[in-house]
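Heads up, the thing below is written out as structure tokens.
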Amino acid sequence: MRRSFSLLSLSAVATFVFLYIPLLCVAAFSVNASKFGLDWGGFTWDWYRKLIHNEVILKAAFNTLFLGLVSTAISTVLGTLLAIGIYRFPWRRKSLTRLETLLHLPVVTPDIIFAVALVIAFSVIRHFTGLFELGMTSMIFGHIAFQISFVALTVKARLALIGTDIEEAACDLYASYPRVLTKVLLPMLAPGIMAGAMLAFTLSLDDFVISFFTSGPKSTTLPLLIYASVKRGVTPEIHALSTIIMLLTIVCVIALQKFTYQRQQQEKQ
Amino acid sequence: MREPHQSDPSRSKPKTKIILHNGEMMSRGTMRLRQALLISPGMLAIILLLVLPSLSLFVVSFLSRGDYGELVMTFTWDNFKRLAGHGFFGWSADNLVIIRRSIVMAFFTTLICIVLSYPLAFFLASRPQKTRMLWLTLLLVPFWTNLVIRTYAWLLALAPEMPLAKVLSLLGIIDADTPLYPGAFAVYLGMVSTFLPFVALPLYTAVEKLDWSLVEAAQDLYASRLRVFRTAILPQTMPGLSVGVILTFVPTMGMFVVPDMLGGSRTMLIGNLIQQQFGTSRDWPFGAAISLVLMILTLSAMLAMRRNPAPGVH
Amino acid sequence: MKTNQPNQSNSFKALALAGAFLASAFHLCAKEELNLYIWTEYLEPELIKEFETKYDCKVVESNFESNEEMLAKLQAGGSSQYDIVFPSDFIVPSMIKLGVLAQLDQSKLPELKNLSPQFKSPSFDPGNKFSAAYQWGTVGLVYNKTVFKEPLDSWNVLFKGEDSVRFSMFDSEREMIGVALSYLGHPLNSVDKNQLKAAADLMIAAKKRKGFKGFDANVSGIGKIKGKTLDVSVSYSGNAFAAMAEDENLGYSIPKEGSVVWCDSMCIPKDAPNKELAHKFINFILTAKIGAQLSNFTMFATPNAASIPMIDEETLKNPSVYPDEEAMKKLDFIKDAGPNTALFGEVWKMVKSR
């Protein structure tokens, strides 16, 4: 038994190494002073300094955040309402299955099909109404489309967890439904809503394919910018940008772990 | 969720049925209205942003492409014929090869991910609580790092000057000059490293809840290690495995970033073909046809998963 | 159970509102904007600043790497987001037929008269109704001189050369197919199916060679040669010469089998947001002094007759930049293929997907 375990451990650690090798390469080259090529030219923070002044990158960062925040805000609201509507009320079996299929559709559809369908639909609308130029608006819509389901599914999990007792108690006390919603249900759901919102936000920040197809000239996001730079010939500034993004990811993951751990401790009490 | 109760039969107004739902008394009509109001914004969004566009995709796949890349409203089966290989220059298996390559690549990527994820999941599950957080974080960080970054990072890691290539050439696996990319090998590396966490995380969740007594029982019965795995471990971890497989197999088929960056146009997948039609080739009808085929493949894969006799999988 | 969650959802909404506010503030404070959709590294930053100061506006540059990419973007709805696009000669007729270009108001372009005779009323746009020439140049091999001691004079290096040479092919449909056709001795604009199939097979065979490292568009091949990941690639003349000015290890040559000579123009998309400013920019570029400043930066050939006296002597004499009669014998313009355009698309698809 012990022998097989250490073989397992070896494989596991090797897998971790495999996952991290490329990321470490990027970090290493972000401080490499040579502009072209992979020879080591000396240690430097230059590329990070240049980043701060690079207008294009700053604009892309702004776009990414703006897109993330707006789409998350809208999709969280829609997704939460959707989850409550489906899972807190009785439905005929057929209706429920149909609703659930629709709900799961954005989750299982490959990104690219989603993206091209949107492009076609937008251009049809544009043909008849002149609206929906590819740009920030179309990107926001594209992101909302897949975020809603993820939010709804996360909230659904939370709904199942908290049960209906307290809502019933509030109703027994003659609270009106809107009141039940706002003062009782939503506060209890809040951790689930937060989790859903964070999931949606991260998915938006991370998204490449849908943004790629629905973006306009002035709505480049960071992933799009990095992709275009790699195609053109990657510069060390992009390595620096990527390393910063990775570090931010690490910070967020650790924060999230701590958050969920604390919450788990709280709920145990 | 409680079933709505019937109203008290002695009530004097038989028309409006009052029901009791979650502690509140209201008419069925009110309840239905509430349901409709709650789900309509979200459902409307999904219908408008996914279902209707998919329908337009379906329609466009039967239209024609004009001389200059514009959309022409003529019904035609041409796009599907071209997908089956009947192009300008006679019949060629190009597109079918691409489809087959995508399925094969998805299959092997998923397989490799599963093989690597089991040890990883067991390793994680066997860590003491203190360090488990750390290891989970280590697994989550690449998972949440942007796909584009993770993929182009391989471009760096696979460069001839880098240690990996040098080590491989020392071991005699490749010649000193052979580039590791662009090519299928690099694409596999990229795909596996992208999707590994998608399999490892659900699997870890399942392994964590594993009932070791079953495993011990199997061992007590002198079952070989393989048997133990097959009969005691595999069925219990099936839910997690299924989730991981779905999250990997389907997206891999539609992936285009990884083959685009690491495949150097030698390893074209369905995703690349679609992207090409909506990009430089400006052939939306053909692109729509390919997307439809991918959709069908996706749905088939999902159906195949569903028929998998795993307990409690949804 | 203690709950303080409503605050969090409120702060979310506040954040979103702040974001929207910032975005609209950005928009309000901005000056007039000129949106250019232009090839990478095709416009001197100094020139942009001069224009911005002169006309009190902001110039926003978006880049593309190939004509087909540009046209795809315009067709997908970019024609109302850009003020000026810079297409190559052969694609202008397609754009006119597709209706994505607006007619130029020649009364606003007094400097149009500066253009050399062959660029006034070119075959792809008689009367300069839709376009005004920007730069012209050639397509050729760009290579690392330390690897190739002798100047390269043949496309062989891509198709049949040594296996140890790391190369990439040009990621530009008409131009790369044209190169393959020329290598096989066929006309650049051939629409003969057999000849095209031969060209396709040639490129597919090249893809299978050991040294093949992918397709590179526009300037990325040069970047990779500088980064020592490639030995030879295909590029436009000006990009190569601009790079050679900074790195003497680079070389550029036009192979003997023949190559492409092209001319890029400035065009205004049909629904451009700021046509006034766009005309001002085109006129600005067409002035003698600015035309010379531009070409001295890009190292491409200028179509502006009035700028020629101000061009660097050495560059004027270089037949790779300004092809003389001898050089012109090997070069040909790519022509719009009309209804046969789709044929080239098919060939390119075949090449890219096998």
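Letters are used for the chains, namely A, B and C, taken in the order the chains are written, and counting of residues starts over at 1 for each.
Everything that follows uses one rule, which is that a residue touches a chain if its C-beta (ideal position, glycine included) is under 8 Å from a C-beta of that chain, and two chains touch if they have at least 3 such contacts.
Just so you know, these numbers come straight off a predicted model, no measurement behind them.
**Student:** Looking at the contacts, which chains touch subunit B and subunit C alike?
**Tutor:** Intersection of subunit B and subunit C contact lists gives A.
**Student:** If you count the C-beta pairs in contact for each pair of chains, which pair comes out on top?
**Tutor:** Looking across every pairing, the one with the most contacts is A-B.
**Student:** Just give me the whole-number Å value for how far the CA centre of subunit A lies from that of subunit C.
**Tutor:** 35
**Student:** Please compute the C-alpha centroid of subunit A, do the same for subunit B, then give the distance between them in whole Å.
**Tutor:** Using C-alpha averages as centres, the distance is 16 Å.
**Student:** If a residue has to touch 2 or more other chains to count, which residues of subunit C qualify?
**Tutor:** Within subunit C, the residues that touch at least two other chains are 76, 229.
**Student:** Tell me, which residues of subunit B touch at least two other chains?
**Tutor:** 159, 278
**Student:** For subunit A, jot down the residues that touch at least 2 other chains.
**Tutor:** Correct list: 38, 119.
**Student:** In the complex formed with subunit B, which residues of subunit A make contact?
**Tutor:** 4-5, 7-9, 11-13, 15-16, 18-23, 25-26, 29, 38-39, 77-79, 81-82, 84-91, 99, 102-103, 105-106, 108-114, 116-121, 124, 141-142, 144-145, 148-149, 152, 164, 167-172, 177, 180, 202, 205-206, 208-209, 213, 222-223, 226-227, 230, 234, 242, 245-246, 249-250, 252-254, 257, 261
**Student:** Spell out the part of subunit A that touches subunit C in their complex, as residue ranges.
**Tutor:** Subunit A residues touching subunit C: 36-38, 65-66, 69-70, 72-73, 76, 119, 122-123, 126, 132-135, 186-188, 190-191, 193-194, 197, 216-218, 228, 231-233.
**Student:** Spell out the part of subunit C that touches subunit A in their complex, as residue ranges.
**Tutor:** 3, 5-6, 8-9, 12-13, 15-16, 19-20, 22-23, 35, 37, 40, 60, 62-63, 65, 76-78, 80-82, 217-220, 222-224, 226-229
**Student:** Subunit C touches which residues of subunit B in the complex?
**Tutor:** 65, 67-70, 87-89, 92, 94-95, 97-98, 159, 177-179, 182, 264-266, 268, 272-273, 276, 278-283
**Student:** For the complex, which residues does subunit C have touching subunit B?
**Tutor:** Interface residues on subunit C, with respect to subunit B: 66, 68-69, 71-72, 75-76, 94, 97-98, 164, 166, 173, 193, 196-197, 200, 207, 210, 212-215, 229, 338-339, 341-343, 345-346, 348-350, 352-354.
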